[in-house]
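Chain IDs A, B, C, D, E and F follow the sequence of writing; residue 1 opens each chain.
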Amino acid sequence: MSMKNQGVVVQDIARADAEVIKGLAECGVATVHEAQGRIGLLASYMRPIYAGASVAASAVTISAPPGDNWMIHVAVEQVKAGDILVLAPFSPSDAGYFGDLLATSVRARGGVGLVIDAGVRDIKTLTEMQFPVWSKAVCAQGTVKETLGSVNVPIVCAGELVNPGDVIVADDDGVCVVRREEAADVLKKARARLANEEAKRQRLAAGELGLDIYDMRQKLAAKGLKYV
Amino acid sequence: MSMKNQGVVVQDIARADAEVIKGLAECGVATVHEAQGRIGLLASYMRPIYAGASVAASAVTISAPPGDNWMIHVAVEQVKAGDILVLAPFSPSDAGYFGDLLATSVRARGGVGLVIDAGVRDIKTLTEMQFPVWSKAVCAQGTVKETLGSVNVPIVCAGELVNPGDVIVADDDGVCVVRREEAADVLKKARARLANEEAKRQRLAAGELGLDIYDMRQKLAAKGLKYV
Amino acid sequence: MSMKNQGVVVQDIARADAEVIKGLAECGVATVHEAQGRIGLLASYMRPIYAGASVAASAVTISAPPGDNWMIHVAVEQVKAGDILVLAPFSPSDAGYFGDLLATSVRARGGVGLVIDAGVRDIKTLTEMQFPVWSKAVCAQGTVKETLGSVNVPIVCAGELVNPGDVIVADDDGVCVVRREEAADVLKKARARLANEEAKRQRLAAGELGLDIYDMRQKLAAKGLKYV
Amino acid sequence: MSMKNQGVVVQDIARADAEVIKGLAECGVATVHEAQGRIGLLASYMRPIYAGASVAASAVTISAPPGDNWMIHVAVEQVKAGDILVLAPFSPSDAGYFGDLLATSVRARGGVGLVIDAGVRDIKTLTEMQFPVWSKAVCAQGTVKETLGSVNVPIVCAGELVNPGDVIVADDDGVCVVRREEAADVLKKARARLANEEAKRQRLAAGELGLDIYDMRQKLAAKGLKYV
Amino acid sequence: MSMKNQGVVVQDIARADAEVIKGLAECGVATVHEAQGRIGLLASYMRPIYAGASVAASAVTISAPPGDNWMIHVAVEQVKAGDILVLAPFSPSDAGYFGDLLATSVRARGGVGLVIDAGVRDIKTLTEMQFPVWSKAVCAQGTVKETLGSVNVPIVCAGELVNPGDVIVADDDGVCVVRREEAADVLKKARARLANEEAKRQRLAAGELGLDIYDMRQKLAAKGLKYV
Amino acid sequence: MSMKNQGVVVQDIARADAEVIKGLAECGVATVHEAQGRIGLLASYMRPIYAGASVAASAVTISAPPGDNWMIHVAVEQVKAGDILVLAPFSPSDAGYFGDLLATSVRARGGVGLVIDAGVRDIKTLTEMQFPVWSKAVCAQGTVKETLGSVNVPIVCAGELVNPGDVIVADDDGVCVVRREEAADVLKKARARLANEEAKRQRLAAGELGLDIYDMRQKLAAKGLKYV
């Protein structure tokens, strides 16, 4: 749901550093989510329309009426290379706000995807285009163009606050938002985590147990775990 | 849910013209839905069991008891080449009414798929057979053969009225029903829409904005949209 | 939900015969479920993270707190070749209890998969590893390691009782549990069913009707079915 | 969902006999539903906003856009004494289409309630007014007045076809629709059922078993029921 | 879901001591659930049909087909004074298995209520009778009498194992099952808990903080809680 | 979900003027929501535990782990007269975080209620106390006290951003949040709306139509509405 009066388009938003965004894409959702202290995850009903997509991008946010996709057209003009649209309806809607024509337009502006707490359609063509979308529903239901919303205002999308310019990381595990101003720091932590994980993976693959690697046996015993 | 007393099989139903049906298949769900005035879409929880299937076919309707698939056997005998089974239970059920044996039988009669507001099973084999199913659930739960339903009566399937002989259009975006007697007219409108879309696509791909192509700026301003 | 006081690890559990388990894997979920009298099916919201996986394995059960995956580490030590982890939280949770590191560890012990009435993450890597998971959700949400649960106690997972050592059969149709002591008998019935189905398939493919093959016409007429 | 092109108000609809409607109200939803052969029940998510209301009335149907209640104002003019509004949105919506002002207007025209496959608000005042509403949701979310729908066209409401002038029976058990032309016949059957039930009730209250009253023991034994 | 072959009625089941059952009723669901180690709670979608009912009773269990209430008639004969029916369908169903006639019959046998992982109807009369029901749904949908189930076998109801003769505690907070053989011990712990709570209540009502009463400040500080 | 690192208690928060808050309570949720431009409504699954409660109060926010109610004890110390607790878990949970003991403590501090995007228990006692709670679930499931969250940080509760000190308006229609700094202005608009509504109500009660009062006929005709 939206948190601002409707009818506003903010044209000038700050974005995170492109190298930082690229780095976050390589880390993936689960690692980034952990690295920033287990916050920022959108609701797990947000699913990709095809498997294998993995992006990080700057959010161009859209607050839109239920069943009305007018503001997406407004938002496309605000898209710069490396941006992703993030849409939250004022109230719940499964309608199909977005299809292959809009994707063509977004891509022509340099945009790289869509996160939408509502429906999407033209799935087959979007998949062929390899234009990634994370959505609540796949639904062909058409929308109208009657009521204003806003572009580039803070929104709550799938249970999480997203500010314009925040970094969206999305892959097969879901969608995570990273505050723009914390992105560089989160990347540093995420990379440290990945390095640490790689070492762990090799020990686990060799048959060592997490119980030993993470030194859990004593703590479990202290809590009262009994082997019978 | 059903709208007629149970225990009736209507054997002689009218179907739309085969060329019209073929044409609707080429247009796809989203276009057909728009072309007929944004009506006829089944609920978005109806999902295909595998990606990429796309059909249009004449509905052989089944009104069936919850957890009882007896009437599918009755319906198969009514299937002609180019038909699709459309099943709605009297009351909600996720049971697995349909599997690869029934699909084999439907295909042997010339049938091309199934739309079911309930469950389906043998997904792997159905996928190998490329026998498309749109369903509410994938569920192995077996069914009984105890209670009558009806075949080829009007049903409400996933929130939409389906008459026997109506045209079902189904693809990755979901399922849409077109009234038999309106099918030719809808096809005409759908093709016009596609032609129009192709021109739009090229302009959008070239970087033109929907705001300009659809001449929206003035209307947005009139509604009070503010750029800041 | 759990049915025992927490904090217990049962180390010595009986398992079904390896040949029987292998046989059940070949039969698949729908056939096994029917063969044992249409029982044992977990709720249909349990879905595989990728299509095509098909396993049968001995259950190592985990009763775990919501949002706390500590006991998975404990359970991994109990895994023997041919085992599958089966986790039920005390109360509903969609959190991502399990990812690629734990999968690496389970595989190193000879384990073959996971059934979890909660969330899983690192989907892309798990798919690349071809490590099958059946879950209620895909969710990157991290978990804590604070509270004890139990390993190898009877649990209710997705609506079905699972005892340690029971045989889990899982494929694209869902997940079915077979009691360890009934596994050999169920296999016999499942194989008989498959043999019978193959004969039916050929007749159906040749255009014969289920109405005739299963001799249904008289019974339908007796129930009052009318052809009009 | 709607089944007609939008933008039409049908002003002259037939209604069932007032005495028949009154009789159906006295029978209640469960009895009427059974009397007409277990059909006509709307989805069970349709719940009354307060307990104890029980009505039968002629349907004035509304096909409305999601989140847009304009057509309710249009429909109120069509309400005659003894009518009930029945609204289905084109696509799913939980918005609060209806509140105490509209209820005041409906009542002033002689209308007796609302059935809405969407949301309602001003629950407290509606309860004080004893104006009954059966809805999918209670939700204060405001609606717009931008897009046309239709009044007095056939609609599918909560999974069931409702024609204008059909009789709606609604109480604490839910909502049932009776075809206008079948209403008198259904009433006759419902009354017979009630008379029969009263005799059964007295025998059951005296301790007789349904097993004996309905003569079930032999049929159960024939099916193979075993007492151990 | 059921865990036994169908078609069996177990006539002779053990029940807990009547005084113990009475004591558990006085403690209520939340206290009993905590007293037995936070286990035994049925899923929270199980809601009472009216507020204020509070019972404890011995479970007479029913494993029933979806949409088929035949076995309830069989079960009523097995009801003794102080029993409660507990029904789980083989696969999910919202149908209205139970109404006022069956309630009259159950009450005539001394039964005190129903817990059903499906639907119930005749809510108004059941409320007037003060016959308590905890259910997943209120639904007038009628059921058939065609297929066998079982009575007094272990069942999984709303996610929890219930054995015949287990004690069911149910009130406005939901439904909890206590193993028959543990009932006396759980009662002892529940009463101790209540006594302890009463003292706490008075201190809290006087304005003391849980932080101090439960001595939490140090532990919170140790975990790193910061006041700013 | 939370938007800050955990483990922080903000002790000094600003609150809106007490007279303004009182005024908002008198206006109710639907009117306040409209008055501030149809924003601020929490998801409609947030329902009161009993009918008739109506409050406006200053939010003391709680960001809590799933199934862990430790931070409520911390938050109670921060409650001042006229405050309401507003809790959002990090990830979805239905557990029963709150019962009559905590309510006793909150009330002793002058607190007036709870809004919780999770479960609550001891419903019967809370109702007797007339301590209002709006929640996602009623659930007796106990919680632990193991992991830190935060108090008085911005949270997203049921899809809406809530800052500490924002005004919560809640009644039978649901829950609405008003920004602290906008509260006086929203009250002014809400009162104007109420005054306007009263005049409308009298005209509607006298039989005038909204079509005429709101001057809709011309606009409907312009959109193409046809009377047949």
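In this section, a contact is a pair of C-beta atoms (placed from the backbone, for glycine too) under 8 Å apart; a residue touches a chain by one contact, two chains touch by 3 or more.
Quick caveat, the model's predicted, so the values are computed rather than measured.
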Item to check | Set of chains whose contacts include both subunit F and subunit B | outcome: A, C, D, E
Next on the checklist: Using the contact definition given at the top, which chains are in touch with both subunit B and subunit E?
Outcome noted: C, D
Item to check | Numbering shared by both copies at the subunit C-subunit B contact, with half separating same from different | outcome: different
Checklist outcome for this item: Whole-Å distance, C-alpha centre of subunit B to that of subunit D, is 28
Checklist entry - Between subunit C and subunit D, what's the gap in Å when you average each chain's C-alpha atoms? => result 41
Next on the checklist: From the mean C-alpha coordinate of subunit A to that of subunit D, what's the distance rounded to whole Å?
Outcome noted: 42
Item to check | Approximate Å spacing (C-alpha centroids) for the pair subunit E, subunit F | outcome: 31
Checklist entry - Which residues of subunit D are in contact with two or more other chains? => result 38, 41, 90-92, 94, 139, 141, 147
Checklist entry - When you check every pair of chains, which ones turn out to touch? => result A-B, A-C, A-D, A-F, B-C, B-D, B-E, C-E, C-F, D-E, D-F, E-F
Item to check | Of all residues in subunit D, those that touch subunit F in their complex | outcome: 7-11, 50, 70, 73-74, 76-77, 94, 96, 99-102, 104-105, 107-109, 119, 121-124, 127, 137-142, 145, 147-148
Checklist outcome for this item: Residue set of subunit E touching subunit F in the complex reads 28-30, 33-34, 38, 41, 44, 47, 51-52, 54, 171-174, 176, 197, 200-201, 204-207, 209-211, 214, 216, 220, 223-228
Checklist outcome for this item: Within their complex, subunit D touches subunit A through residues 65-67, 90-95, 139, 141, 144, 146-147
Item to check | Touching residues (chain side subunit B, partner subunit D) in the complex | outcome: 1-6, 37-41, 43, 90-92, 154, 156, 159-161
